[in-house]
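Listed next: structures, encoded as structure tokens.
Two complexes are shown next, each including subunit A; its partner changes from subunit B in the first to subunit C in the second.
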Partner chain A sequence: MNQTARTHSDRWSFTRLVCATFTGLTVGSVVLMALLFAAQSVPVWRHAGPEYIVGGDWFYRQELFGAASMIYGTVVVAAIAVAIATPLGLGAAIGTAELLPARARLWVKGAIELLAGIPSVVYGLLGVLFLRGWVDDALRSAGYEPIGGDTLFTAGLLLAVMVLPTIVTLADDALRAVPGSQRAAARGLGMTRAETVLSVCVPQAGRGIFAAVLLALGRALGETIAVFLVVGRQDGQWPAHLLSFERLFEPGQTLSSKLGGAETNIAYGDPLHWGAMVGLGLLLFCLVTFASFVSGWLQKRGGQVA
Partner chain B sequence: MRRAIDRTLTIAGWSCVLFVGFVLVLLLGAIVVRGLPAIDWAFLTQPQRAGGAEGGIIDNVIGTTILIATAAVVVTPLAVGTAITHGYYLRSSKAKARLELFLVGMSGIPSILLGIFGMIVFVGLLGWGKSWLAGGVLLALVMLPTVAVAMIERIGALPKAQVEAAVGLGMDDSQVVRSVILPQSFGALITGLLLGLARVAGETAPILFTATVFAGASFPTAIRESPVMSLPYHVFVLAQDSLDPAMRDRVWGAATVLLILVLALSAVALPLRLRIHDESVHG
Partner chain C sequence: MRNQVWIAGLAWVLGSCGETTHSAFAPLRINGSTTVNLVVAEAAEVVREKAGIEILVDTQGGSSGGIAQVGEGRAEIGMSSKPLSDRDRKRFPEVDFVETTIGQDAVALVVSKDVWDGGVRSIAKREMLAIYEGRITYWSEVGGPNTKIAFFNKEPGRGTWEVFATWLYGDADRAAAVSFPEVGGNEETRNKVAGTQGALSQLSASWIDGETVFALSLEEEGELRVPSAEEIRRGLYPMSRPLVLLTDGPPEGFEKTFVDFVLSPRGQAIVEKHGYLSLTDLNK
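And now, the complex of A and B:
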């Protein structure tokens, strides 16, 4: 339907009004959500100031609200997930897009969609009943004395499995969008299949692959239920140095696991404490929205190039 | 050397594919092998007793059905209105791109934030207690981008000759929307709904604070103060005290029922989606 097919006027018919109203409600709900989050978190910004973001201590009875250790937990858990899932997912996408015959590719993609459809609470259950024990055993045999299998690393590992389908499907789409003639030309120049894939297909699909990774990152940042069940939910886990690994194998807390916990119910009714909880939501909202907008923008650009 | 690299890439690609397949089989197998023995007629048809250690999950199944049916009813006008605004009424490609980007952003919103949003709106502003309707509306917002995007893609793929023919017959905008665009994109609406429902049927975070309880609810009789039980919340609570072996069988059973529900919804959508894709290629 291109522009010239349109003969309609700007008259506001009933149908148009209804459509516009529902569009308005859709957009309005998200705008309302952002505004409410901003408005209701005002008390904590007034109370704690910048300390709310950089402070590592959270004791609500003492009215100490510092979200830094939760931001750290969120970022670290998502980073572990993406760091594990990206090479695996990209490898599998190269497999499905470049190596598998078309029919088999459909089957594999169907199976991967199944994997993506498993609810996060089921992933969480698997994490509780298996992964937690495995991580505990592995840490013990590596000479650590863990408090238990619930660690930031466990959550990251579980999330890696959860975001893997996102990376595989989208990276596969990006690779398939590279025109076949390019592959044929590369092969015609005498390049091997590996050289074609690595120096023609992957670079051309680079934007799309990066968008896939960012989308997975956004999912990982916001995932709540599965992380909640295996992360340990220990406040105040701030590392001695930003790059030290000591906290990874200890229980931690993420923005989302804090919000999913009982403290949300406790905080309700106390404007300051509630503001602090909603403020965590606002921080999470900003982190995730940034990741998904950049991803959406890259996908659009990637689509135009291909 | 070049051959070696070529072979390495082939092996690496294949092993990644196999590994992903292995993970899939392992996950599904781990759940189903433990869950299926726990499922029998009594488990499916009896109410829960003794904190989930005895009895069945019928109230959870009823609750989840109510929640997703409500979500489907609430999301349909919102998604259809948005998709038609995008596909027919919005003219500038800039405005269309903005709406698309908005939907991408909306689909990325972590579902726990909708749970908090629901608490602010339904509990704080409206003064409701836990309510199935609040849960349905929140789940509708979770699935809205999925449904809207499915319809937008379908409307975008409609042959423009159809719209031109309708206009040529003297139809005005509303008639074109109602007699051409809506019927032609109906299949995409159904697909989108099924895919969206498959996602929200397993969602826990949005309904955690505003809609669902672990025990003591059955068919709701009002709107305010009328929570429902649900499958995902049931699994979520039992997973937190899963050390009791008797409980463990039952949580696997509930997880398997949830998984079958979710996979059935997306499996029904798959052929429909493939057909739509086919039409958009050959149409």
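And now, the complex of A and C:
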């Protein structure tokens, strides 16, 4: 099959040429974008050097550009989102894949996938409307004195809802990919339904589930407007210790919320400041690409096992 | 996010392909301060209808965004709620910025209801400076309730922030590098201050309603200054500021049509309607 196709396409047909052009354009645009970002951010790398990544202070009037607290914010917000959404999403996926009859499964899955179609700004407004107040009240009753309810935690909580459908759908697919014969064998050995799911299906679908989580992580890293509305946008929120929790319940800044703010417009025209902003885009691009790459790789491996 | 960066990237690519010229049929692009926007958006409605000009009004980046976009040739008219600084002019040496003042406003320091009811009615410059630099963190230290001060800083670069920083430090470039939660436009500032306990922020005086947000008097050399029309007009209130329309060179064509309308009695009535001082008020 493959060989006949090869011999046929040895000649430069019109179709082949058009397809090659489109493929080239698609791949080229990604490469071009990465190069463009790298080239535009050169001034800030020259100006700040490694401080640009490890420095915690960002104050453009003093020409201080350190993205560390934003990288921290981005990673922490995405981690909170995934930490909350994973058990929920996995539970829902087991429900749809293993417990529901086929017809009900489609309905439930469809409803969950609808969540993914809601524009992120709507989530952001819901966050402003409800989450901000709830988090503020919760922190006050816990004895804190918060500056309003805009915190890294609030943003993570909101993102958890937004990435939930990604986890549910992909984990459900991974579980469905486990062959029915495996379940039948497990049940034949006298295992209960719960034992079958937990010790046969979930481990077999493990890679696929992990890939789903990483894909959700990728989405959480890049989300802008919903985070922008509830994260508080405070620079320089680097924690005293990397694992200490005190910053989670304070306002913070993520790479995307910084890029979504007024500074992008202010920076335009000043090569150094603009370079610093584009550099944030480059960092975010690298983070998201890394997450999607690992996720894609695991999904492929997971498919082979199942 | 990625979309925005993409658009910025594309704009850069297109921009470097050749200077885009503004034809007579292209829309009049206005961008800048949310403070000036209230007047301009309403004036644009009228001019669109009367003169049949297509006008796009946006508030990307506040005053600095307006200045930058006029400087880059991406907008014909910039809205600014601060006078142009040497720093701004130096950034775009090839652009001949012309400022047309259309009215006057002031920056007020506003607090939430719990602070106001807790007895804080005025603030001294040195107290504000101490709050800004993190040396005072509780309202009780300035004669108020025992709540933490939730200070929301206007995004540095916005007109409101520049006026505030110039008042505190004499020159916005000397302002301390501080870290506070930041707020953008006036609506956002008002809503966050109204909805947060112990809140304090800088806000255009026209947004003070006395129900959800309350303006503090400024104590300077033993005198209390309030952001009232009378004190702004007489130049007594320290943080008063002009509302400015910026053009590259004197306004021409559609730019002139628009600027002239805002300066006309009908346009000036819009300025007053939004709680700012019109030019006739200023010359009384």
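Observations, loosely collected:
Rule of thumb we're sticking to: the second predicted complex is superposed on the first by the 298 of 306 C-alpha atoms of A that agree within 3 Å, B and C clash if a C-alpha of one lies under 4 Å from a C-alpha of the other, contacts with A are read in each partner's own complex, and residues count from 1 in each chain.
One rule holds in what follows: a contact is a pair of C-beta atoms (placed from the backbone, for glycine too) under 8 Å apart; a residue touches a chain by one contact, two chains touch by 3 or more.
Keep in mind it's a predicted model, so treat the numbers as computed, not measured.
In the superposition on chain A, contact of A:46 is made with neither subunit B nor subunit C.
Using the contact criterion defined above for the overlaid structures, shared-chain residue A:232 touches subunit C, although it does not reach subunit B. When both complexes are overlaid on chain A, the residue A:268 reaches subunit B and subunit C alike. Judged by the number of subunit A residues each one touches, B leads among subunit B and subunit C. When both complexes are overlaid on chain A, the residue A:260 reaches subunit B and subunit C alike. Once the two complexes are laid over each other on the shared chain, residue contacts for A:60 go to subunit C alone; subunit B is not touched. Of the two partner chains placed by the overlay, only subunit B lies in contact with A:168; subunit C stays clear of it.
In the overlay built on the shared chain, the residue A:145 is in contact with subunit C alone; subunit B does not reach it.
By the document's definition of touching, of the two partners only subunit B reaches A:215; subunit C does not. Shared interface residues of subunit A (contacting subunit B in one complex, subunit C in the other): 33, 36-37, 40, 222-224, 256, 259-260, 264-265, 268, 278, 281, 284-285.
Of all residues in subunit B, those touching subunit A in their complex are 2-3, 5-6, 8-10, 12-17, 19-21, 23-24, 27-28, 30-31, 77-82, 84-89, 91, 97, 99-102, 104-117, 119-121, 123, 141, 144, 148, 155-156, 158, 160, 163-164, 167, 172-174, 176-178, 198-199, 201-205, 208-209, 232, 235-236, 239-240, 242, 248, 251-252, 255, 258-259, 262-263, 266, 270.
Within the complex formed with subunit B, the residues of subunit A that make contact are 1-3, 5-9, 11, 13-16, 18-23, 25-27, 29-30, 32-33, 36-37, 40, 88-92, 94-96, 98-100, 108, 110-115, 117-126, 128-130, 161, 164, 168, 192-195, 197-198, 215, 218-219, 221-225, 229, 256, 259-260, 264-265, 268, 277-278, 281, 284-285, 288-289, 291-293, 295-297, 299-300.
Contact residues of subunit A toward subunit C in the complex are 33, 36-37, 40, 57, 59-62, 64, 132-133, 136, 145, 147-148, 150, 222-224, 232-237, 251, 256, 259-266, 268-270, 278, 281, 284-285.
Only residues 1-2, 4-6, 8-9, 12-13, 60-62, 64-65, 68-69, 71-72, 91-92, 147-148, 150-151, 155-158, 172-173, 175, 177, 179-184, 192, 195-197, 199 of subunit C touch subunit A when the two sit together in their complex.
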